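The structure that follows is given in the form of structure tokens.
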């Protein structure tokens, strides 16, 4: 138990429209401290709903209909996320769990400097920090992700896609959260940039020890970076195992089908067949 | 090519991204969007030229003779005096159109707009300078108030979509489809004639002259309230609707979700993120609507006996007082251009994307 | 052999027809179109509908309040206000539509061409558009209209149209520029489609909603312009329109004397037609940008279910079973 | 005779504020009937510029493109004949079909434009083409938004095939599609290529599918060809550092897990 | 003083506020009596110019110049049509009306204290003679001489028909105007230039109102009204509203529904329409069809209802003209005996008879002229002239009903109307007459070719041209013999009766609305010593006659 960061049990989300859509059904899993958990599946499989749902970031008409999400804080407290009020939830967010979003161009406010968007986080969550301290922290964060503190005054449109994604990572790192949820953070990027950012995430994880939930449809990529992978289909986790196990010995038919959708890069020409 | 900081970032090599990822921005001072403003300046110069040229041509296309009209208005002047008047006004010349155009420009540059037949042969500049402050005061104030109220209301209506506040939209839309003058006439009939809350138009009371005193300012406010409110009410709808629609679009943007995920308060998300972005297109349409609004308010001056340029223009047109007509049209156009420039500058400083320094 | 082919072409024709009118197929547009249609019918059948000639003078029935003989009362010389309003519809509708047709044609030509072209030609057309946008329209119309002694309706419409096209052109230009780089236009070009066909068949249908919106907007502007100009007497029209009636009413002191039957109906008619046109435009807006409609509806629907669209925190409903509420 | 020659083509764009940018720098290659060439590189490497020049959406700054030994005519019926023989499948199936027109319209247009079949056979030809891309005939009267992404891309392929071209240029044809259907579309392309003897230019950033579906691969970097050769040579034995970097960056679980087990094995 | 007035003003404002009618608390109103507000409907007073010689200066346009600069004498355009010497002790015309002998009033000072002398009169008329002032009124001064206490002004042509023009010339102080470079255009806005002999002096000028104070040293004695405000409203409707609400006291305006909207609002509200020799007249284009046929003109004269013009179109602010000579009742003595009882009336049968005799026919109720063409014409009046616009509608209806003539109601803008009437391209218009205070006005306006210069008509729009009548008109204007004048008048009247060159509808009155809440003594129907129009020179007489209400 002490090794667990997040326990999700019997977690269901519906979109309460007419007729209601069951997006995520009775999910159980446990996220360990410091682990990278991959969440794979095709579009519409519910992986994003799950990742957003556990931090209650889904907007109405999404409703959590069952289950519990318990966050095992480093301080030893267990926080029942489903039970938090609006204000507690607001304070909990980003402090304990932060996010890196897909498409960093749209995820950054186009009319504010990246510095001010980073400072925002401290203003809200660390009201005791002075202006100078905030600025210092921002410069430090930008240096950590190798954007460089001097870019504090840049606007999002002045940065390249890779840079913007780094800024997002810096932002996610700001409060030294224990969990980072990454929603297709590299999909829009070129392969070289993607590799560079993944390396950075990995390094940061080693340095700061946060856990990661990594969402993507790119299974080969996930296999390389994840400790464990959950394969989702139609709102359910069909298989959850270590990356190696998924690769070498997939159990579920759907997992096998997914794996065989990717041609081999090296080795014998043809598809991955399991 | 872009200044590349570290060879590590391979994406900086990216040839086609150069145009968009340009940045040299790390210096301290506020960057002035010169390129954007320069482009606008060029456009304004062109518009100014076009306006002046239209202005020059219009009266020359019109029929009717200023002097005969003048004589007919002043029946105590005998027809024999007409030639003398023509000579006085310089209307007896027989120059080519091009020469007239050149002369027109050279006079314009010297600030000479001619003399107004309708106003005792006083210089047009003097006539207009009496009237212009009132128009700018009334229209400017009403427009800005309307824009501010409408935009703020639109932001709130957009944020609280689906609530009872949605009813504001049809109401303000209905009000904005009513002609300004009709609303003004109704307002006078109700508030001035029947209820006697407000004076029947004019800018300030009888026997006053402009001075800096509380009583006078009170007078101006008292007299200006009804026309200003009429303009505000009639033009509010567009701003509310525009802002609300823009809010609905912006609220779906990722950065709003990010802001909420960051644990920002709703107030901060609404004003700092959503409204801050949604207001940009509003400012652009503000700039473009000024001409339209000014047109509508001209009629208000007639209804409210307000001493502005609108009434001047109507009278000048009726009396074929070309010099005054041209002057007023030019001044109105210039004011609209200046308002546009101000809106553009505001836009340029509010939207960092206009601040691209080039390379 | 030909029979089934016919059926198919007819069905596609119908679906195309349907597609072209999809933007009007919502409650707002339909309401707006109904009101507008009502006024159009009134304009067409004015002669039949009006109980009197609008200029029929009756010195014995001056300033009469509404009565059975005169549903909307009479004017200062005993003219029947209802008949004037009915006949006035004609001028309003004719000028509004004619001006909008002229303006929309110019807007399409200038907007689409400047959007499709690039380089200085496009910039020049764009600058022209912006000049017409920035130059205050009404003063210009006042000056231009005064050039005519007694301008016929179509001249007024032409002037209003010539001055009112810029907004539409600007919107169409922006949309054309974005369409120009869409893949399906590129595909048509790569397939070797001729330019006129690309514009007429590939682009225009996708611009229809915007064209309709700009048309409707120009009708509104033209009607407001016409009534305003008629009211201030810049356009002396011998045939009645609502602005002329208001001019008379104002000049004869109807506002002061609370002869509401004289000044309310024409103003309300202007407002009604304005509301109708706004409704049509709302409908088109919502068709172009479904978010506009769905946002409110969605929020209301959610409210019924006890959800708030602005809640940044996902609602939890574990205690009550959702089965019951269904 | 060589089907298509892309001969020393250079394309220079002038970008406002950034001066001139060479999107293609002296690029040459040839394409034969029945052959698939994969063009790989990062975005901005010039891949799409090749497609644009081939379809004559852009003209080359210098160099020449020859089809059957003849340079591309500038305009008129010659250009149309050239275009008839070279068709393109675009990246985004949601954008490459006109939302206003039915599927039938999209497929019929090239048939009519190039007068491929007599008028009274149009309907049959549409049916044949739809069958060819494994779509039911009922799809003909649908409009694009009623179809899934994969179906749309099939329509786009049918449209490309309609004029019976000799060459198909496929610019990232599956990158916008869901992973599980990507192979289906690529396999379809590959089947068609084989059956119709098409020359295919397959533009992609995905090394794995490039290797899988191409005979030859060209690696582009900053508008220049840095490496070319047979698919396996380029992918398995890259000689240029850029290609090596690209390959190293591409996910390769096979090698990854092999290296892990090697390391573990070694450690043990 | 300044302090006191401010205190008074604040107190006044406070009182007004308390009584709930916060309105115009003029800061400068001195305590001794209520101000009188004179209003016009001409839009804002945008340009400051106190030059009385300039037709469009603010002083002329809003007419406050008339209470600053006084004329030699006042000619009453109504009532007894008398001449009252004003700045002159006496004025006397030579027999042929080419010379005016003036005895200046003594004991008059300019408002800056300088004495008014014969030199000032000489100087004023000298400006016309020398051309430093544009001779807009066509005075044609050839000589001005002062001889002791008399001034003799000689004119180049007889002034019988233009006496008022001469006598109403504002007299200005030589000691100030001698230094003014261009008297034509100088706005007199510099300090100390607005100096007159009149009852009021300029106090405050703003675009919203002009305030004048009573001249304490006025030669005519003490004035009841301490302060005059001149204001201008955007249009007639706004002016009327102001009159009804009491914001304005005195105006010259045509008020629609005057009984209900103005007179009924307060019993102290009064309205006086003073008939003049001028008249609202239907001009027809005699040169072209259909009005080149006198029978049709005559038929119109028998059909158009003048009473309806007065009652409906003019709302009573006029008096009917039925006389076939076209002269109004004011000029009754000038009507020749043989026409004394020759009056038109609404007699459609008679009109039809006239037409039938002239060869006109009817086809399904449409009038067909002898050439076989249906008769129709358009009747033009500028839009916005609401009384005459109404009359257009009435005439159209009457002619359609009575004679089967299709009348097109045409309401062009002023410019187009003006061009058409000058160039003779109209068919029928309603127009005013040149007012000479006698019968000559009507006949010169309708039959005198002198108005047509360069083929542009200033009057006589129908372009009547009969050499005998022209000669008579010239004789009338130039002769010094009463008998010659009477003979000439007979020629004109006869021609007018037979040819019907125009149809006067109703006398064109001078209007005045005023209230007697604070002051009495205005002209009334019984005592028309002047018109009640505050923009006329007669305002001087009225202001000196006003008395406070108890």
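By letter and in written order, the chains are A, B, C, D and E; residue numbering begins at 1 in each of them.
Note that in this section a residue touches a chain if its C-beta (ideal position, glycine included) is under 8 Å from a C-beta of that chain, and two chains touch if they have at least 3 such contacts.
Everything numeric in this text was worked out from a predicted model, so none of it was measured.
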item	value
Shortest chain-hopping distance from chain B out to chain E	1
Set of chains whose contacts include both chain C and chain A	B, D
Innermost chain, taking as reference the mean of every protein Cα atom displayed	B
Longest centre-to-centre distance from chain A, chain (CA-based)	E
Chain located farthest away, centre of chain B as origin (C-alpha)	D
Between chain C and chain D, centroid-to-centroid distance (C-alpha), Å	46
Chain D-chain E separation of Cα centroids, rounded to whole Å	89
Approximate Å spacing (C-alpha centroids) for the pair chain B, chain D	52
Centroid spacing, where centroids are CA-atom means, of chain A and chain D in whole angstrom	34
Of all residues in chain C, the ones touching two or more other chains	146, 234, 250, 255-256, 298, 302, 309, 312
Where chain E touches two or more other chains at once, by residue number	241, 244, 413, 415-416, 419
Shared interface positions of chain D, touching two or more other chains	42-43
Complex interface listing, chain E residues touching chain B	9-10, 13, 21-29, 35, 37, 42-49, 51, 54-58, 60-61, 134-138, 165, 184-185, 187, 204-209, 211, 227, 229, 231-235, 238, 241-242, 244-245, 247, 413-416, 418-419, 422, 434, 451, 453, 456, 458
Residue ranges of chain C in contact with chain D within the complex	5, 8, 11-12, 15, 19, 182-184, 186-193, 201-202, 205-206
Complex contact set, residues of chain D against chain A	42-43, 178-180, 182-183, 205, 207-209, 211-213, 231-232, 235-236, 245-257, 260
Chain C - residues contacting chain E, complex	55-57, 59, 62-63, 76-77, 79, 146, 148-150, 233-234, 236-238, 247-248, 250-253, 255-257
List of chain E residues in touch with chain C within their complex	236-237, 240-241, 244, 255-257, 260-261, 308, 311-312, 382-384, 386, 390, 393-394, 396-397, 408-413, 415-417, 419-420
